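One structure is given here, and the rest of the page talks about it.
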Amino acid sequence: MIKKILIANRGEIAIRVMRSCREMGIKSVAVYSEADRDSLHVRYADEAYLIGPAPSAESYLVIDKILQVAKESGADAIHPGYGFLSENAELSDRCKKEGIIFIGPSSYAINTMGDKITARQTMQKVNVPVVPGTTEPIIDVEDAVKVIKEIGLPVMIKASAGGGGKGMRLVRREEDIISSVNAARSEAKASFANDAVYIEKYIDSPHHIEFQILCDNHGNGVHLFERECSVQRRHQKVVEETPSPLMTPEVRMEMGKHAVMAAMAVNYSGAGTIEFIVDDNLNYYFLEMNTRLQVEHPITEEVVGVDLVAEQIRIANGEKLRFKQEDLSQKGHAIEVRVYAEDPENNFMPNPGKIKYLSEPLGPGIRHDGYIYSGYEIPMHYDPMISKMIVWADNREDAIKRMRRALSAYKLSGIKTSIPFLKKVMEAPDFVNGKYSTHFIEKNMDILHPDTNTSEEENDLAAIAAFLDFMNQQGKAGRSTIESEPRNYWKEFGRRKGVLRL
Amino acid sequence: MIKKILIANRGEIAIRVMRSCREMGIKSVAVYSEADRDSLHVRYADEAYLIGPAPSAESYLVIDKILQVAKESGADAIHPGYGFLSENAELSDRCKKEGIIFIGPSSYAINTMGDKITARQTMQKVNVPVVPGTTEPIIDVEDAVKVIKEIGLPVMIKASAGGGGKGMRLVRREEDIISSVNAARSEAKASFANDAVYIEKYIDSPHHIEFQILCDNHGNGVHLFERECSVQRRHQKVVEETPSPLMTPEVRMEMGKHAVMAAMAVNYSGAGTIEFIVDDNLNYYFLEMNTRLQVEHPITEEVVGVDLVAEQIRIANGEKLRFKQEDLSQKGHAIEVRVYAEDPENNFMPNPGKIKYLSEPLGPGIRHDGYIYSGYEIPMHYDPMISKMIVWADNREDAIKRMRRALSAYKLSGIKTSIPFLKKVMEAPDFVNGKYSTHFIEKNMDILHPDTNTSEEENDLAAIAAFLDFMNQQGKAGRSTIESEPRNYWKEFGRRKGVLRL
Amino acid sequence: MFEISINDNEYKIEIVKREGNKVTVSIGDRLYDLDVIEPKPGVYSFLYKGKSLEYNFFSKEKDKNQYEVVSGDKYWEVEIIDAQRRYRKNRAGDDDDGGNFISTPMPGQVVKLLVKPGDEVTAGTTVIIISAMKMESEYKVLADRVIKEVLVSEGDNIDGDQPLITFE
Amino acid sequence: MFEISINDNEYKIEIVKREGNKVTVSIGDRLYDLDVIEPKPGVYSFLYKGKSLEYNFFSKEKDKNQYEVVSGDKYWEVEIIDAQRRYRKNRAGDDDDGGNFISTPMPGQVVKLLVKPGDEVTAGTTVIIISAMKMESEYKVLADRVIKEVLVSEGDNIDGDQPLITFE
């Protein structure tokens, strides 16, 4: 039985894992870098050990240090969270060697799924659909035409040696096939001195839909339905929801079965995610498997009613899955947004700094997985995600409304965040109507900026607020009682009126 | 269509109602007393109006002032929350007269259910079980014996004119009936010069179980299952949960039907609660109806997946119920605890004051309905309840574990609260086993006190923490940069070491 | 040098050494090496032999030397005894037996005054009624008393631990 | 008397009257009667003609006169112009065209320096690479430049708006 878990991570996911540990009566061990002594995961854990300087490569990524703390603290198991060492096959192996339970799959599963080519081959072997295309380079025009006709239009022709868009041709019409193949090949030859090309099915309006799976060590596996993750910026997910507005019960069942088959194909153990690319007609293709807990796992927890971290721990403990596929169902609708310390008005530049004031949304249907607190200074060494806001409601429309309420009640000052941007996403017609692909942000960029058309009265009142605060700040040095009496700031200000020549 | 709602309340329930308003795109109007300018409901609302001095009788209870603000602000409807004017028939009538929608039932329903005797008579008329007993005083021993045999033992014999336990006799055995009746009558005669007695079924180990109902204005009514509210102190509910650990599906269905019948008997409109007293054998009797939203409504929302405030507003809007009985089901388990500003170590004395530091539990399965913020001074004029912590989990055992986690992560300083007491409730074997009646707190009082058997090391570390803070406080006056740099308190302290002669 | 009282034990306590957030404290004859930060005013995070511990306080507004310390599910009452406090403690026996006035443990409002200066009241008599948060409490004298001063009026808001009525 | 700039308009602004939390402010030729409290430092709650409004700020650490004001879904940039600020503004035209150094809008770490003093670089050349939160950004010169000083070294932690490299 696992009695003590070392969490080889930081930030919200470390705390997320510790929360389940606490509920299960399991002790948690934090590790931290020199930049993280005052991070919440250190304060939240039962034990905490320093493992090195701020850069991850010298602390959170050093397997030796983590194993050393595990032994020193007597931890039975290591949970890697996501990111950092979560998909590191060496950690999985080293744990096995040291007799520590790795809460995740074997190195075989990590390696097989971590390599695009072996993953694709493995999926083909068990008949999970992959994006149609050639796996061997093509050097003959006749072959290319034959392959394209097999795959069906549209296709993308890509230079074997290519990159940066050079030697790429999108073909939509049959009459363009030969000219496009030739053009791609001659461009490839000119750029890379190699005219071999690959051909791949082109998906016009792609949706990113993934399936959560859980497999125990006794040959049982289930899926916990899908997550729609098409709202992406620079291939980073920004908003996720479940159920997917695109999905039908039939396709869901079929994709779910394929997801479980995909996991079974590598003797998977624990929680994992099968990512699919899906077109508007619900044709779907295996993209990759994430052999770890995902950032967006909470929306599945909300809708299916399962604590995924608790299940990971039970599986690692050698227990059998507590439910069969037919015991699981989706209830209501959940949405997650990722809140980043970044400036949406300034090309989403990361914006670390100190949180001055923090007020978190509460009330019905809101779950908030975060790690910041007022007074905390976000270190610049790590990921700028500061929290995940998750809402649940009976249906999608109400969930969107609830998310709007949550975002407008989430107030913090000191740093800029993506909250204003996320509010705009919740209002964008394409999102509200559930009609969006991975092109959503690009397509809607001009309506995703915060409002600037405000009335004269609104402008005046905002100016007055800033002015009153400025006057308050000016007089700060002169006040002595303020510290213990924050509410009297303003009263004090009044009393000092004369002094300040107002 | 309701576009703007005045919330004639304060504290957590005012904010709870405003949250649903915000999600529904309805403007909210707050009213506040002079003690509440900095209360969160004023800040959270779209509009806010002062209605008088701190005492409720001069502000929150003054119907004229509330109607005046409703007219001035152009509110279409008034939501009374719970407490204050929520079961005031006059407000219901006055609203009708002024053409403002009262979000609650008619004065007829409020009055009929508000009076114990008419409520009991109404229930008997529609065959909803009431606690068996006599409604007319009995002056003859023969009649008494006959009635007792009808009701069945045990019974309580109560002096008609009685009070304070005088003239009361509990009868458990048949052979004691005549002697007990005589004893009660002679004691009653001696004390009150009146030997008439009532006889009532005595319930040994009573459970307080209530049913949530919703009725629209079109003759449709449903129940949303039960809430178990037996954890009470001085008839005040402290912890509520749903489903009740006592319940069976058959009894639930039957009680639910009776609850809907009870509401229909007074042409009920909106959300209401039928309270039953239940014995260990699941015999149940109508106790009273609360013609308003209950404090503990969130546990029903969590388990049934319905926003009760939103439904109240839709019903008041004249809409038909969006679901039938067969559409509703219970999923998982929810528990609510009421957190009071009170000192459990000092006879639960209210303990108002200023919140210095506040850190609220987050993460999976936790809902927190509160209204305090760090820096807020809880006024002494109103109810000492500061928040409600609600957890949801897949089953009762996990919900209890989650509540323990939530309570230990809820940190605030400045005032004493009932949190340590609530933690002990979550650990008490009778609660954990689901075997408790309304006598629970009384029976378990000695194990509901916080731990004091701590080790020397634990004592030393606690003493050191207090000592370090004391030294910090001592040096406070000398520091100037602290205000904007809270995290440097301790660093500053270090630098001042010499000065403080440490 | 300070003394500290916890769970009815008194110990000498001293900060022996401090470097950055590494602190060594002696209490009684025991020595503790700690890693200490104060992430927010009044919240202390200790790392001690690997354990992560966090402390919150409920200190009385009126008495900066008295602490109620909370950590996890545990609770302590702590008093820091400095020179001033020791002096007052020594004096206390002379003119203050702790029973020469009536006060309340919490803030509230005076609802009713039942005595005036000069009244003689017997043990158990209610002399004042205070309301706080919808609850009224009666305050009684513990012994036969003669009322000296009544320091508040009906309707007054009062603080906790404030003398309300004094006795001869 | 102060001036304030909001959405590119400049107005005179003044607190005309104040009693308790009732405040009258004039801005331009408009007068506002407000009920104002500051429930927490830096958070302002206004009641104005019945409306309840709340304001938060993101003020730059380096510049106390510049505010980014947020209320609900709305957002403003505000600058308070006092005597000192006006003086600096008037001077600015003489010796500072805003382009004689490279700085970053946020704190970070210097990853790579690509120039040294005396180097001549053409417009668009990357001169420094900064990393902040897992993202590296290249900073380029906007015109042909001669490097004057390099004020930081590789590996240095830097603040936002801090001059890193200056030009002749």
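All chains are identified by letter, namely A, B, C and D, in their written order; residue positions are counted from 1 within each chain.
Definition applied: contacts are C-beta pairs under 8 Å (C-beta built on N, C-alpha and C of every residue); 3 or more make two chains touch, one makes a residue touch a chain.
These numbers were taken from a predicted model, which means no experiment stands behind them.
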item: Between the pairs A-C and A-D, the one where more C-beta pairs touch; value: A-D
item: Inter-chain centre distance, chain C versus chain D - centres from mean C-alpha coordinates, in Å; value: 47
item: Computed distance of Cα centres, chain D from chain A, in Å; value: 32
item: In chain A, residues with contacts to at least two other chains; value: 38, 44, 373-376, 408, 483, 486-487
item: Residue numbers of chain C (touch at least two other chains); value: 21, 37, 39-41, 54
item: Pairs of chains found to touch, sorted by chain label; value: A-B, A-C, A-D, B-C, B-D
item: Chain A partner contacts - residues on chain D that touch it in the complex; value: 2, 4, 6-7, 9, 11, 13-15, 18, 20-21, 23, 25, 27-28, 30, 32, 34, 36-44, 46, 48, 53-59, 61, 64-65, 67-76, 78, 80, 105-109, 132-135, 137, 157
item: Chain A residues touching chain C - in the complex, by the definition given at the top; value: 29-30, 37-38, 42-49, 72-73, 373-376, 483
item: Chain B residues touching chain A - in the complex, by the definition given at the top; value: 15-16, 19-20, 22-25, 38, 44, 298, 301, 305-307, 310, 331-332, 354, 359-360, 362-370, 373-377, 393-394, 398, 401-402, 404-405, 408-409, 476-477, 480, 482-483, 486-487
item: Contacting residues of chain D [partner chain B, same complex]; value: 21, 35, 37, 39-41, 45, 47, 50-52, 54
item: Contact footprint of chain D on chain A as seen in their complex; value: 341, 343, 346, 349-353, 356-357, 380-384, 408, 411-416, 420, 423, 450-452, 454, 456, 458-473, 486-487, 489-491, 493-494, 497, 502
